[in-house]
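What follows is a set of structures for review.
Common to both upcoming complexes is chain A, partnered first by chain B, then by chain C.
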Partner chain A sequence: MSVLSVSDLSVSFSDPKNPDTKIPIVKNIDLTIEPGEIVGLVGESGSGKSVTALSIMGLLDPRSALIDGSIRLQGDELLGHGPGTSRALRGSRVSMVFQEPMTALDPVFTVGSQLTETLRAHTRISAKEAKRKSIEMLDSVGIVDPEARFYSYPHELSGGMRQRVVIAIALLCGPELLIADEPTTAVDATVQLQLLDLIKNACEATGTSVLFITHDLGVVSHVCDRMATMYAGEIVETGEVSRVLSAPQHPYTAALLGALPRPETRGQKLTTIPGRVPIPGTEPEGCWFADRCAFVADECRQSHPSLETGPAGTLTRCARIDEIAPALAATTGPRRDIQSAHTTGGH
Partner chain B sequence: MKVGSVVTGRLLSMIPTLILATLIVFMLIRLIPGDPANAIAGEYATPERLAEIRSQLGLDKPLVLQYLGWLGGLFTGDLGTSFMTGQSVLGLILERLPVTITLTTMGLLVAVLIGLPTGILSASRSGGRLDRFLTTAATLGLAMPNFWLGMVLILVFSISLGWLPGPGGPLFLADPVGSIRATVLPAIALGMVGGAEICRQVRSAMVEDLSSDHVRTHKAKGIPWSRILWVHSLKNSSLPFLTIVGLQISRLLSGAVVVETVFGLSGLGTLIVTATNQREYLIVQGVVLIMALLVIFTNLVVDVLYRVIDPRIK
Partner chain C sequence: MSVAPTAPADVKTNGAEPIIRARNVSVDFKIKRNKTVTAVSDVSIDVTPRSSIGLIGESGSGKSTLARALLGLVPVTSGSVEWEGHDISKLSAAQMRRFRTTAQMVFQDPHSALDPRRRILTSIIEPLKVLGIGTKADRQNRAEEMLSLVGLRMDQANRFPHQLSGGQKQRACIARALIVEPKILVCDESVAALDVALQAEILNLLSDLRDSLDLALVFISHDLSVVAHISDRMHVMYLGETVEEGSMEQITSAPEHEYTKKLLASQLTVDGAQTAREDSAAEAEVHS
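Up next, the complex of A and B:
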């Protein structure tokens, strides 16, 4: 059974100026994650990645967010429960690591108390046992001198250390699914690779599946098994990382890939994608990427394409896939060297 | 920096503040037309008689000498004597001090007991109906003058219902229980505005904190909402709370002057009012000095508490 099975998930938010209208942010997402798998959710800012994550976590404010569809964790439906049920799941069966380690921890409580309270919120456990387990977890995420750090306050730790603590909290109760929302974006480049390997290895060891949200394809190629590219709130391409990145079928994925720095393009300007993601609620008819796409044709503006299996065995949402895919292959070429700017040299 | 050195530093920096406060009040009180000689000798006294009284009281000396003389006395604990009665100013103050301390302490208690829970409740339901009600109530509370509230309380609870004693409480040292009972209504009148202010400040601090990243982490950890609210968010919001409590102390002391008058309590407030009317310079100076000491001392306590609560403050 899939660890996570999201089907037809849509999230819309009420317009603060006009509470009756709902603005769709995430549109009919289907996503599954198998046991032990690391799935990358990729897209630029505003593509709906984080909203997808927060709706799986049950962290969206029900007063403003309207969630439709189904989210199943090991077959258990997560949507439609009262707040108590999803609280019991959060931190124990699904947990999350956030982007900003500097503010993610409570500044006026010790690191140790923030770990032990997580354990004690979900399990009947003595204070002594909770402390022992917490120190063990701090040790396993690579914190030096965990007994002493147990009594530290967050401000006494560096950003990388704090993110290790956040990861320790997330893995403490042995979750089935870890959602990592750009966990390495805000830390020093030298620490990024260490944290990526930490998440990858720790989850491999415990069999935890990971939904890894990032805009960095280098990160995806480093840690993920499968990936899904999101654009304007929907998935435009999904498949095994090795296939998608070696031969992207959707012009958007290809464009993201083209925006990465590579050794052979050293000294040249990086490619950028012109324009911006359409404002939610104002998506054009037809393909939503059409206005920014280098391969746009009249048929792209006719009807909204659906996700279809392409020649490479991946799912792609593009009306012109048969014409474009060979052209893309010619421009981007086989890619085995993908590394993000930050992780380059880390191997 | 250790708490000990913080305290020492603060105590040292108190000295210029105190000197400035006494200097200002020394000048201000002498700007009021009329002097003690007028008050003692009456309306029809001859200029010669007035001059004689002034020289007896030492008021004919240059102001600088008068001030320095008074300042010198402070070091030996001598605040001077009343022009009218010859009583020791320190004795007068010590006799009245317990009444004012009881009143302001109970007033502060009322303010915190009203402001803290309503502020937290308001923040936890921010945008909801209860929040709107409490915010409106707090605005009304802020707009209510304490002397007016005092009179309403007397009318309702002591005259109509007869539950609590009306104006004119006993001295604290003579009858502590009776004095506390007599202080309940004045304390409510005094603390209400502070309660409204605390409610608003606690609400806004907590609303901000509840939307912060660390609260999102606590939610993601599956910590119960009540614990996030009452343990985590409350501790994170306690610096603005402490700040506003510190500010309330000086407001309560100045409010005590009015409330003591309305309720006929013989505390420092009524003492300074009478002393001002009679141009009892030394009593006014003494009372202001003591009040300044109280304010500075409570701010020192607040400062130390900051460091206890927030480990980031060094």
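Up next, the complex of A and C:
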């Protein structure tokens, strides 16, 4: 059974100026995560990745957010309950690591008290045992001298150490699913690699599945097994990471790939994606990416494409996939020399 | 206008006379009564016209402090920063105003760099007002020129910062820095807060501006791929010191210092089959 099975998930928020209208932010998302799998959710700011994560986590305010569809954790439906039941259902089974470790930790409590608090909230455990387990966990996330750090305050730790503590808290109760929302954007490159390997190895050891949210395809390539590209609140491409990144079928994934600076693109223009993600509620007719797409044709404006299996075995939401995929393959190449149609060459 | 001192052999000037010449700069900060921390120690750097210098290092390595010292925003403890033969710590008020039109800075977080209660246009014009340049109409015209240069529309400039996206705000910050027609633009982690698509946009914009305005760029980042993309020369900083300095090709293909090697090994690539650890710089060379 899938650890997480999201089907037909839609989230809309009420317009602050006009409380009766609901603005759709996340639109009919289907997503499954198998045991032990790490799935990347990729997209620009405003593509709906964080809202998807928050709705799985049950952190959206029910007064402003309207959630439709189904989110099942090991078969248990998470939606449609009051806050108490909701918390009991998720409990220690889903946890989350946020982007900014300083704001995720409470500055006035020691690291130790924040670890034991989590443990004692979810399990019947003595204070002594909770301390022992917490120190063990600090040790396993690679914190040197965990007994001493147990009594440290967050400000006494470096950014990378703080994020390790946050990861320790998230993994403390042995969750079935870990949601990581851009956990390494605020840290240095060398620390980033350590943290990514930590998350990967710790989850592999405990069999925890991970939903990894990021806009960095380098991160996806390093840690994820499968990925889903989100655009304007829906999934436009999904499949195994090695397949999607070696031969993206959707122009949006290809453009994100081309936007990454790499050794081969030195002195050249990076691919940019003209325009912006459409403002929720104002998506154009037909394909929502059409206005920004380099391969747009008349048919793209006619009807909204559905997510279909393409020649590479990945799911892609593009009406012109049969024409575009070969063109993308020709420009992106199977490996590294990626240049897209927007690229104007070097100077 | 100044004597042409010969650069020491360890600093490469690419033949051109540097605009800013920093020699053996150290910056200490007092943290307690008898305790100081050395943020930058004994760094020499030349910023020559139209050069593109990358400063890379982890947080706390002193790259931002060095950049601030180059612009006279923090006092140096020892060593000197010279501009047109003058030590910038000893500039008169009038000279300082002129120096400010030579070198400008773009910060990391465009949102906190703009006054939330002012329209974008007002913020863009402000440097001219402060420096007393031009009439009101001149300033307005210059601001409009800058807007089109960075790709912002007039109606966007009449909005407040919270009404623009991160990339648009960063464009506004670049416009504000460029309005005094500087020769040097210092970008302190200017793309770190942006997602990949916007980052690509700003990097393209900066390299266009460098070429069209003959700017020298000092680009600070902890992201090697970004620095490598935009810079010709690179200073690798570690614990306040320049541990390695050279051309981008030289450093990425044959790193000498342990930290540089570690940094290169930490680069994530988008090659599904390959993990970053195995992806040494040498291998990247082979594939490209």
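Here, the second predicted complex is superposed on the first by the 332 of 347 C-alpha atoms of A that agree within 3 Å, B and C clash if a C-alpha of one lies under 4 Å from a C-alpha of the other, contacts with A are read in each partner's own complex, and residues count from 1 in each chain.
Convention: a contact is a pair of C-beta atoms (placed from the backbone, for glycine too) under 8 Å apart; a residue touches a chain by one contact, two chains touch by 3 or more.
Note that the coordinates shown come from a computational prediction; the quantities given were computed from them, not determined experimentally.
Peer 1: State whether chain B or chain C is in contact with more residues of chain A in the superposed arrangement.
Peer 2: C
Peer 1: Could you look at A:A121 and tell me whether it touches chain B, chain C, both or neither (first, second, both, neither)?
Peer 2: first
Peer 1: Have a look at where A:L105 lands relative to chain B and chain C in the superposition and call it first, second, both or neither.
Peer 2: first
Peer 1: So, A:V296: does it touch chain B (first), chain C (second), both, or neither?
Peer 2: Neither: A:V296 stays clear of chain B and chain C.
Peer 1: For A:A259, using the defined touch cut-off, is the partner it touches chain B, chain C, both, or neither? Pick first, second, both or neither.
Peer 2: second
Peer 1: In the overlay, answer first, second, both or neither for which of chain B and chain C A:I23 touches.
Peer 2: Touch partners of A:I23: none, neither chain B nor chain C.
Peer 1: Kindly classify A:S95 by the partners it touches after superposition: chain B alone (first), chain C alone (second), both, or neither?
Peer 2: The first partner, chain B, only.
Peer 1: When the two structures are overlaid on chain A, which partner does A:G218 contact: first (chain B), second (chain C), both, or neither?
Peer 2: After superposing on A, A:G218 lies in contact with chain C but is clear of chain B.
Peer 1: State the interface residues of chain A toward chain C in the complex, per the touch definition above.
Peer 2: Its residues touching chain C are 44-45, 159, 188-193, 196, 215-222, 241-243, 245-246, 255-266, 269-273, 276, 335-337, 347.
Peer 1: Which residues of chain C touch chain A in their complex?
Peer 2: 58-59, 165-166, 195-201, 203-204, 207, 211, 222-226, 228-230, 248, 252, 262-263, 265-273, 275-277, 284-285, 287-288
Peer 1: In their shared complex, at which residues does chain A touch chain B?
Peer 2: Chain A reaches chain B through residues 57, 59, 63, 83, 87-92, 95-96, 98, 100, 103-109, 114, 117-118, 121-122, 153, 155, 166, 169-170.
Peer 1: Write out the stretch or stretches of chain B touching chain A in their complex.
Peer 2: My answer: residues 127, 212-214, 216-225, 227, 232, 235-236, 309-312.
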